[in-house]
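Let me begin by presenting the structure, written as C-alpha cells, before commenting on it.
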C-alpha cells in the first residue's frame, strides 16, 4: 500500500469527479460528493482506519484540461497534497460531438496532450505520487466516432504517465470488461455519467493502482 | 392532403409524444407539449389555416404498448378522432437494456406485435385513417444490441401497417439519414429523447405521410 | 439555398426572439429558446444536416431598437456571424399604447428608423447577408390605432431593406393571411406573443427568404 | 341607497369576479380577492360603516353559465343572500374564439339565455334584489367578431333584467366610455382581465345601480 | 378638480404607501402596489380617463422621515412630479412602542417636524402642489399611549401644511369616523396596516382634498 | 409540587397553545411547538429531571371551545393524561370583533360557559388534576370593547374552576402586571399572539399553579 | 461466492437501509438509495458483471421490527427474493433513550427476539439464504446505557442466526474495529446514521458473509 | 439582581447562542433566535418588566474563539454593551474530533486560552460586567476523548474568570446534573445542540449567575 499515515490525497477532474461535492471539497455531510471519490474515501477509512488518510475533492463539472490549467495554482499547488489524482478529457472530447459547430469549446488532442503534460511537470516534484486516470466513454463499439476519439486521448494519458513515471489507471479497460456483460444504458443513459456501479468500478481501479490490498 | 376541414387528429405514444402536454392534451398555453405534436400542429395551422384541424396529444411518459392497451377506451375510442397516430415501442425495448434484471418491465416482441395489432383492429373501422410510426433509437450502428432489437420492433410496425392498410412512417430511416452527418449526442444525450431538431424531423416525416404539401 | 456549409446565423430581437433562450444563446438543452429561432434551427438541421449551420439566439425580452443599439458590439459584431436576422419594433410601439403616460419608454418612428438603419450600416460589410423582419401585431383591423402604428414601423423596415439590399420578411403579411381564418385570441391572448403556430409561421417565412426548399 | 343594515351581498361570476378570493369567499386577509368585489366592499364599508354590509365572493375562474348552474344550490341558494350580483358570459363567448375547434367548450347564445334566465327565476323570490351585470370585452371596435358576439350576450342580459325587473349594469357601456380615451392594452393585455382601473370602473358601475351616493 | 391633463402625481411614504409596488413604482402588472395609491389611480383613470394622469408610487416599507430624507433627491426631485403626496410618521412613532429599548431607531417629534418641514421647503417651488397626509393609528382610545403620540405627529403635519400652504388630509379623522362603527381588528390586526377598506378610505380622503368630484 | 413521577401532562387550546407543534404533539425536533408548552417542558425537565414528566401539546390554531368539544374524545380522553390544562376562548371572542358580520363564527358567552363546563365534567374523574387558564387580550384599557368581552369569558373560567375545584390561572392578570411597564405592541402586534416574553409569562403562571418551586 | 447468476437479493431494514431509496426500491436514478445497499450493488455489479444479480431495497426510515412484521407479506414474501438480508433494531432501542416517556414506542428485548425469529421462520423455506445483520451503535464505551442495550439486541440476532442456520454479520464488531482509530463524531454526529465510510464498512461486512472474493 | 434599569446585555458565541437569530440580533419577530438567549430575555422581561433590559444576540454558527476575535470590534466593542456574556469553545474542540485530518480547523488549548483571555482584557474596562460560560458536551462519560478535552477548555474558562474577576457559569456541571437522570440523546442527538430543555437549563444557569431571584 503506497499511501502512508496522514497523507493528503487530492482528486481533480470534471463532473465525474465532482458529483455535487461541497465548495471546500472535504469535510462532513457528503462534502466529497456522491461519486468515486467518496467511495475511495469510504474504502480507505473503513479498511485502513489507522492511516488517517485525508481525501479532498476538487472536481468541477464541465471542466476540460484548459479549466484545470486555469485553477491549478489555487486548487492543486496551494493545497499541498501528498498524492494527486487527475482524470480529465471527457468534455475535451464530448463537445466535439455534442456541440460540433461551437469549435471554440473543443480541446483537440495536441492541446490536450501539451496542457496535461505541463500540469504533471509543474506538480510532480512537490508530491509523493501522481495517479493519471484516462477519460472513458461507455460505448463498447470501438468504431464509434466518439469512442475512437476518446481512445486517442486515453492513449495520450498512458504516454504521459509512462514518460513521467506516474501511476496509471486505464478506466476504459475497466469499463470494457464490464460492458462485455452489461449494456451501456444500464450504467449511464448518456454513456458518460455512470451510476454507483460505475463509480465503484472507478474507485476499485484507482485503489488497485495505489496498492490497496484489504 | 388527406386531412380535411375540421378533422380531429389524435396522437398517442410515450414520452417522445408527451413532452409535458397538459392533462387534457389540447388547448391554450402549450397544452400540446414541446415535441413533434406541437410542431405538427404549428405546421398545419400556419400552412392550412382554413382547415381548422383539431390536434390532441395523449402521449404519456414511460408508456409501453401495455399501457396504451390499458387506457385505449378513454384516451382513444372515447375521443372519437378522425385520424389517429400511434408511435410506441421505445420503452418496450429500452427496459430490456437499462433494467435488464427487472424482467416484468420488459415487453418482448411477440407481446408487442399482438397488442399493437389488436389496438389497430379495435380502432380502424371508426376512423378515417391511422398513421403507424415506428419507434427509433438514435444509434447509427446497426450491430448495437439495442438498435438491433429496436429494428425488429420497427419491422413489426411496418408489417402491421401493410396488413391493415394504414399509413406508415419509418422514423428510424428518417433519423438514419440525419445521423450520417450528425453524431447522436448532438441530438440526444440518451439516444432516445431528441432535441427540437429531432422533433421537427418527426413532424416532417409524419406530415409527408398525410400529404402535407405547402 | 443561400446559407452555406458551417455558416453562423445569428438572430437578434425582443421577447418574440428570446423565448427563454440560455444566456449564451446556443448549445444543448433548449438553449435556443422555445420560439421561431428553435424552429428555424430544427428545420435547417433536419432538412440540411450536411450543412452544419450554427444558429445563435441573442433576443432579449422587452428590448427596443435602443436596447439593440446598446449591446450591438458584444452581441452582434463580436460574435462575427455570417448571417444576421433582426426583428425589432414591437416594444417600440407597444409602450406607446400600454404605458401611454411614460413617454420616456416610447421609441417613436423617427428614432426607430434612424437607429435601425445605423445598425444595418454598421454591420452589412462584415456579413454575407442580413435578413430584416418587420415587427407585427396580431390584430386584423387595420384601423386599430396600434395596428396602424405598427404598420408604419413595418413600412420603415421595408424601406431600409430596399435601400441597403438586405433580405426582407413581411411577418405582418404572413400573419394577415392566417388571421383571415383564425381569430387572434387563438394565437395570442395579448396579440403579441404567439403560440407555436405563430412561431412556425415566422420560421417558415424566414426560411423562405433565405431559399430553404426541402 | 338600496342596501340596508346587515344585508348580505353575494357576488358570483368568473375569473373577473374571483381574482384570487379565498375558498370561503369572505373574511380576513384579502378573502374577497383583488378585484371589483373587494373594491365594492371597501367603498361600502368606508362610506357606510354604520350599515355593516356583509360581502361574499363566489366567483370562480373559467366559469361559464353552465358552471354556475352546477353549483347554484351550494354557492348561492344555501348562502341565503339578501342581494345577489351575477356577471357571467366572458368564457361562454371567449372559448368560441380562442379554442374554436373544441366546440364542446362553447356555450352558445340560446343556451346562455335559457340557463341565465332559469337561475334568475330560481332565485328572485328569496332575495331583496338581483343585479345583473353584462359581460364585456375591452375592444372598442364593434365590428370585431368577438366584440360583436359579446354584445349579443350583453343584450340578452339586458332583456332578462327587464323581463324580471332586476337591477342592470351595462359594464360594456362603462368601458366604452373609458376606451374613448385609453387604448385597451393599457387596461388589459388580453382585453378581458382588467387592471385595477377596470375593477374600480366595475365597482362604481355596480354601486351606482344600488344607489350608493356618498 | 385640481389635477390637470398629463399631470404626474407622485406618492411617497412607508409600507402603507408601498404595498408591494414594483421597484420602478409605475407601469403594468400591479406596479402601483395593492394599497391606496392603486385605488387612487383606479378612481382617477376610470372617472377622468381624458386627463391621462400619471401616477407613481415611491413608498418603501419601514421608512421614517429620516429615510425619506436620505432618498429625496433620487426618488422625488429627480422624478420631477407635478404633484407630490407625503404620508410619513407611522414608523417614527411605532418603534418607540414596539422596540422601546432600541432608542436609535426612534424618531422623536422635534426631529420629525424639522425633517418633514425641510423636505416641503426643498420641494414646493418645483411642483404644482403638495398634499400632506397625517400618519394614523387604528386605535379609537385617545388616551392610549401610542395613539396620543401619533396625534402629536399628526398635529405637526397640520401645522406644516398650514404654514406652507399645502393641501392637507387628516387621515386619523377619517378613520375615527369609521371606528365609531367598526372595531379596529376588523380593519387591521396590528392597528397599522389596513385592509382594502382602509385603503379605500385613504384614497377617498386624498381625492377629496384634490377636488375629485365624479 | 403537585406533578409526580412519570405523570403525563396534556395541554389543549388554540394557536397560542399550538405554536407549530407536530401532528403528534410530542417527541423530538420541537414537537411541542415554540410557545409556552415548550417552555413549561423545558423548565420541568431541567429543574426536575428525576420526575420524567411526559408533556403533550394538543393545541390547534383557530380553535374555539366548539372545536375542542368536537375532538375531545380522541385528543383528550383517549390520551389518558394524568393532568390536563385548558386555555380556550380567544377565538370565541375575537371573531365577534374581527369578523363582526359572520355571526355563525361567533361563540357567545352562554355557549362558551356551557361547553367548557361540560368538558370539565366529562374529564375530571379520570385525571389527577385540571388546570383552567383564562383567555387573555394584550390590551390594558379595560373599557376597550374586546377587552371587556374577554374579561367576561375569563370570569366564566374562574367560576367554573371554583365550582369544580380545578386549579386556576388568571393569565390576564399576569399580563396586566407586565403591561403596566411595557406597551402591548412590544409583546404582540395583534395583541393576541405573544412573543417569547409572553410565552415565558404564561409558562411561569402555569407552573406556579402546579407548585413548581425550583 | 454464494450468490448465483440472476439471483434476486432483497434488503430490508430501517433508515440505515433506506437512505432515500425510491418507492419501488430498484431501478435507475439512484433507486437503491445512498447507503450500503447501493454500495453492495456497486461492488457486485462491477466485480461480477456476468452474474446479473438483482438488488432490491425495502428499507424504511424509522422502522422497528414491529413495522417489518406489518409489511412482511407485501415487501418480502410477495417479492420472492432468492436472498434476504435483515438489519433491524436501531429504533427498537433508540426510542427507549431519546423518547423515554413515550413507552408505547419502545420495542423491548423479548418482543424484538420473538418477532424477529418469527419473520425468519416464515421466510427461510422460500429462499436460498438469509443474512442477519446486527443493529449497531457508534459508541465505543460498552458501559454507555444505550450501547449496552444495543449489545443485547445484537446478541439476540446472533442467537437466532445460529439457531436457524442463517448467515450472520456482526456490524457492531466491524464498527468497533474502526472506532479504535476514529472518534464516533467523524462517522456520525448522532452515532446512528453513518457517513459513506460507515456504509462502505457495512457493505464489505455483508459481502464477506456471502463469499465475495474479488 | 445585578442588572440595572435599561442595561444592554450582549451575548456572543457559536451556534448554541445563534439559533437562527436575525442579522441584527435584536428586535421583533424572534430576532433573538430560538435558544437560551431568547429564554433569558423572556424570563427577564416577564419577571422584571420595569427594568427594560435590552438583550442583543451576536452568536454565529460554527464560530471558534478565532472567529470571535476577528469580529470583536464590530460585534462587541462597537455595540457598547453594559453586560457581556461569552460562551465559546464547542467548535474549537469538536473539529478535532469530527474533522481530525483537517488540522487547520482545530483551535488547540493554548491558542484558545490566549485568545479568550485577550478578549476579556480588551473589554472588561468598558462594561459593568462579563459572564464567562464554559462550553459543554452532552456526554456523561468523563473518559470519553471529546468530553475529556472539553473539560480542559471549561477549566481554562474557569481560570480566566477567576483571574479577571468575571462572573462564571459552569454549564457542564449544570448538564451533568441533568444527565444523571436523562440519557443524552433525549436532549441532543449530536450531544452538542440541545433541545429547548437544554436551552432553558442554560438560561437558568446564566440568570442565577447575575442574581435573578423572582
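As written, the chains take the letters A, B, C, D, E, F, G and H, and residue 1 is the first residue of each chain.
Simple rule for what comes next: contacts are C-beta pairs under 8 Å (C-beta built on N, C-alpha and C of every residue); 3 or more make two chains touch, one makes a residue touch a chain.
Composition by chain, UniProt nomenclature: A, B, C, D, E, F, G, H = GDSL family lipase.
Keep in mind the model is a prediction, meaning the values are calculated, not measured.
Novice: Which other chains touch chain A while also touching chain H?
Specialist: G
Novice: Please report how far chain D has to rotate so that its Cα atoms sit on those of chain G, a copy of the same sequence, as a value between 0 and 180° in steps of 5.
Specialist: 180
Novice: Per the centroid of Cα atoms for each chain, what is the distance between chain E and chain H, given in Å?
Specialist: Spacing between the chain centres: roughly 45 Å.
Novice: For chain C and chain F, let me know how many angstrom lie between their CA-based centres, rounded off.
Specialist: Taking the average C-alpha coordinate of chain C and of chain F, the gap between them is 67 Å.
Novice: Going by the contact rule already set, what residues in chain B reach two or more other chains?
Specialist: 28, 52, 98-100, 182, 189
Novice: If each protein chain is taken as a node and each touching pair as an edge, is the resulting graph a line, ring, star, complete or other?
Specialist: Here the contact pattern is something else, fitting no line, ring, star or complete shape.
Novice: Pairwise, which chains touch?
Specialist: Every pair of chains in contact is listed here: A-B, A-C, A-G, A-H, B-C, B-D, B-G, C-D, C-E, D-E, D-F, E-F, E-H, F-G, F-H, G-H.
Novice: Spell out the residues on chain B that touch chain G in their complex, using ranges where they run on.
Specialist: Where chain B meets chain G, its residues are 98-102.
Novice: Taking the complex as given, what residues does chain C use to touch chain D?
Specialist: 94, 97-100, 141, 143-146, 182-183, 185-186, 189-190, 192
Novice: Hey, which residues of chain C end up touching chain A in the complex?
Specialist: Touch residues, chain C against chain A: 6, 8, 26-28, 52-54.
Novice: Can you list the residues on chain G that touch chain A in the complex?
Specialist: Where chain G meets chain A, its residues are 28, 30, 32, 34, 38-39, 41-43, 45-47, 49-50, 52, 177-178, 180-182, 189, 195-201, 204.
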